[in-house]
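Labels run A, B, C, D, E, F, G and H following the written order; every chain starts at residue 1.
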């Protein structure tokens, strides 16, 4: 197959991304082969920067070359890895990560690890779904004291609306694919976030803990010195 | 067009329905012509029973013959009418009808009028959506003291889950078509009712205040003498 | 990862649920790891209550610690388990569980086991689908004599409407995912339940035998002493 | 705009269709202008044949030239018209047309008129929906004595399955768009026909009374002299 | 679990079906366990009749008891089996089974085997899709000479329309799940059958070769002696 | 109809909302009658606060009582009105509102008016869709200098991704219902925002300019004093 | 509302588009007000170029200022207008425009007018749907002799596949929204084009005659001097 | 099973396809058994022509007879094979294949291999997604110099619009199934291609690299000698 000279490698990395928008390019691993991931990490190594890997299953991580594996800080439940360390802390602000149930934990942790990689702090408030409302009401003041709130929920996503009516901080909803029957796949929870009767909620794609953390980082990066 | 002798009228009415299942046949008017409605009511008149009309627009009601119109107890916002009076009260039990917002009022009133026609009592608790949670919390004890609860909500339907986690009475959800964008048409609210994290909720079709009242009546009719 | 002191365990259990709404919190196992389930059961053990587990596959049950396993009353076809016994009988009322075909049996049994756990009685009437209508007509009087009826059906769900037109007791539909082509996944059967020409049917989510039993329990708990 | 010489008229009529497949080309009027319909009818007139018009609203019919209008046998509720008379009777066989409710009448009549145009007989059995099952059971023997059965039903379409389990004649389902909420538009009824637990049902498109009649005609034309 | 005395077996068989509608009850095996299938076949054995099994995978067939297996006439590609022989031939009429491509073969054979079980004859015309139109045009006269035509096609289902415009015999479409991207799952082919510009086509559910054969049998059974 | 004493008015207003979450309750007018709107505004008047009305058509506005109308600052293209003035400016920060095409203008202006009501500044950058990329590239530095960016786009929503890859400020996408065929209704544009290859974008419901402004206000309110 | 100085007009026109990609910017009128259209045309006038208007209803055209109207070459059925004349002919090549039925004519003519505006020739072959296959077979050689073929069809879109199997020229499918029931809106016809068994077909959005013509122009512009 | 004499083989090959439309019949392997593929290839061998196999997994390829395997030029990542060599080069023109990300590579290579089989040249430009716009802008002149451009992208498909606004050559979009949440399966990317604000884009089915190459070949075959 003919290929242009300067395009001999399949991935063209965007090393300037952090300068341009304050976020480093991450490697979404779920449809990449171990060979493709290795190739990308070697170029990161040559270039000298740290990078974040997401959706990296333990099995696929185990297929990477030993040299690469040794440089990875891998975390199983969140399926994330840090390669070449993390970025320096740039803000004292912090994010709350709130979830409806135990099954949402992997998505919470993907968000937490993405924040950690970029040098930002977060605190977890899990399993405070609205079926037992007292659990949320007991914690709402502490949750509301954070600079930005990431709310993670599947099924009918009622948590988004209830929390949105109680606190004024920026709230980023992360619908999850937890559910069955009509809530299978997460579309219901996503639409609940979009249609909330509480004003000013925003949302990211289903199960996208990484994206919610990036949105929080855009906020935290800019909150330091607004207008 | 050839038609069988004994089927010369298009509607075959089910006058025995009340004896069989405790509910009288109702006339769903939205796809019937004034002529068809008149024909049905005249047969109810000949047979001697009362009947309930639903989804009857004011314009269509005005096209009915004057004689029929005079026998109708018409109610505009709920688009219902009683023909030949109402049925006798058979129970002292009562239903609560709870709604999320002002736009859900027509559906609430269709349920209330259906209960009234069948001789059952109800009380309305409107506009207690979760964006201002205190409105619901202030009323939850009174709501929970009814024998059955009909909850009416559109948009993301978070009210179903919050109420379901707070009271133990039977709860019948009525999703409404109130909403726009991804919540347009009521499918989102319906799915929220079906996927609630609060256990034991049941639901009826979108905007089906009539059906929710019938379900409540099945319960109230049987609660008097269980097992 | 930073976590708040009082939130060190991922699950915040809602032990007060039974007092509040008459139903004990159940553990939905299908997206939980054996470790998470063990952690939850140990807290139930410490707290002293019985609990119901649903959607627990035999393989996952076998991975639980031996000590936990010995305290489980596990039932394979329904994928349910009782932990710490069952709750005391509180009513003499009983539920009928009616199904269209043999393939709906696991959902029927999830409902039956949930009722059994909460101390309520039920009787099964299986395989009475409408393609052989005589099967249902022969049994309709016995079915109608129960205090509440749970109807379980997949494919086109015609059983809901036929039964709803024949008996007056409260009817809770459970659509199942049994079907192929356009009825695959259960949405068709669900919509049939919602759109039934028989008045006053209510429904729960697809394959949700647990939810239907909880709804029946809300009714049976309140039918004893209405309004 | 350039156009090829022999294609100066927009419609190329298929006058040979009846010889080829036993059915005459019909004119589906709902997206055609009065001018286009006139143009087509004039060519039918020149060619000498009869033709059937479907989905012709009264308003549009009134806009046709007076000469055309005088040759039309127009029928309002079915929105059909015969132009140039009807075709000669070729069979003594007859079709039953069975429907669930009054609102399905326009579709029933479109089927009946299409049969009448092609010289075939039919009998109507309307309003025998399953909510009042006795209505159908009383008529099932007469219905089953016809050579082919067209069943017309909206909402949840349970009538298809119940009738399909009771009679052995060929059954053609016509789902209708009658319904609201999740049954709006007819997709639910269509899928119920496709997924029926009764074996050997077939279906046509939503509201397609014309198509069901054509399918019945294919059968009646061939039943006279099989294999 | 309590169960009613006369309902101790989960399946209530409909042995009278053949008398009632001319078709014998078939056993759809895909969601039944080997134990459930064995139980059903033993009752057929006790009752004395033949029966057809559909969607029986080779692996599941191999798990049946040896005694049962010996009485099965199993056919792998169609996943069908005859138990207790076939029914006697009652008609000299025959069906054509026409398909668009090689991948549709299992569905074609399910239809052919169902016809064979009921004592009816069929002939296969495979791989005559419209991309190479000459293949169909060469065979159209032979195809049209059969008493009924079953057309099997996936992807865009253009074959239904082309054949429907060429022959006048009754045509039963069977959409298949063959396809990818937007045609994955068979909904596209199904909708093409329902929307065909050729008049009088009817359709069954996706991949439902069994249902198409049953529909053909309804026709062949009645064509012998029409009204 | 019976109604509880303290619930005699249908709307229960949430006057404390601004204190709780920094945003004043707005009146979504599209499914409310002029009478209901008047009732709500009179209570706002009695209570003493300003309020924002959205989705108020000119025709409906004209039906309000003259006294109410005189107190309204109505803006036609955005369908918004201020009642009782606007809130005081609390921040020097500003939002950019960027759109793909002229047809998106009403949504842009709903966002701009919502910001204006809450005392926040905004600047409009319209018609910079990616089909003529130079239009965006010429303005990207100015757009990126705002504290928060609201991007409004219909059709395929490519503008979200392109802008998201160029600037680091918080970006809130507002998909619009502008489009036809497969992009009709706005779901495509919404999904494009959710699936953007540019990291950290968030979105609100289709055509929800009001919601995007509220989200921007949550940010601007908290950016002043983070952490 | 604050607006940036250089962005005082809502539309930023892309006058360089023709130089860049060989196609002039067109004005899609269906969601623009007469005022917005007038504003855009005045800027085209000032700039000196011709422009094409699409989806311009006769009513809206009549609301434009008389001066503008006089410069418009308006064509009703296609809802297109030329402003400032047409572009010079640059190629001797020509396109065939083929359609399935009379109802597809407006889309055919939108394509024809777009080609005419850009100085390209086209010929129409209408009403050659596959239900009467001889109509297409008689014309296939003439159709195949054009340089590019635009095929316009609604309903099940079988015409795309049949023509694609007969000729080797580039074929651009235009699915139309003509149809009802499951083919309503054009999605079926679109998916048929995408899933055709004939290789190498491409498609544009539903009813997008303009887009198909632009695609044909990209081809004709480049065919003159390939690689 | 009875089968007609001349139809004893299941596949009827269309050897004349290349003469008729310039493209050779390809064998889509994903739903064919090794036996069926072998049967087809043996007939190609007997007939004397070369053929292309697509969607042939390595595992299935390994199951083919050794004699067949030796004649295959198999390529794993694209899942294609050439049998009997390739076709002779007939044009000096060339296609660009442009993609958004590494995960789209298999689809790019299916297109490249299909072009290679038919004797046409192509060049790959991978990983130039719009999140890092400079990657595309640096290469746009080279890309635009090809005779036809195939653009391959998943997720939100913004690349189609950006490239379509920058170059005037014919552009064929290939949406891919790369994505998760709302972009899972490729429908989003497909709809983005159909709704692009850049004029004159066309598209093929999801993941259909083969189809895009065939469309490019139709163009290249005809570009040599237009009109």
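Just so it is clear, a contact is a pair of C-beta atoms (placed from the backbone, for glycine too) under 8 Å apart; a residue touches a chain by one contact, two chains touch by 3 or more.
Please read these numbers as outputs of a predicted model, since none were measured by experiment.
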| item | value |
| --- | --- |
| Pair from B-D, A-C or A-F with over half of its contact pairs in common with D-E | A-F |
| Pair exhibiting more inter-chain C-beta contacts, A-C or E-G | E-G |
| Mean-CA-position distance for chain C and chain B (Å) | 27 |
| Approximate Å spacing (C-alpha centroids) for the pair chain F, chain G | 35 |
| Chain A and chain E: spacing of chain centres that average the CA atoms, whole Å | 50 |
| For chain B, residues contacting two or more additional chains | 17, 131-132, 164-166, 181-183, 190, 194-195, 198-199, 205-206, 208 |
| Interfacial residue positions of chain B with respect to chain F in the complex | 102-103, 105, 109, 112-113, 116, 121-128, 131-132, 134-135, 142, 178, 180-183 |
| Partner chain C, residues of chain E touching it in the complex | 1-4, 7, 10-12, 14, 16-17, 25, 30-32, 36, 40, 177, 186-187, 190, 205-208 |
| Interface residues, chain E side, partner chain D - complex | 17, 20-23, 26, 91-94, 146-148, 164-172, 190, 194-195, 198-206, 208, 210-211, 214-215, 217-224, 226-227 |
| Complex interface listing, chain H residues touching chain F | 100-101, 129-133, 155-158, 160-162, 164-166, 179, 181-183, 188, 190-199 |
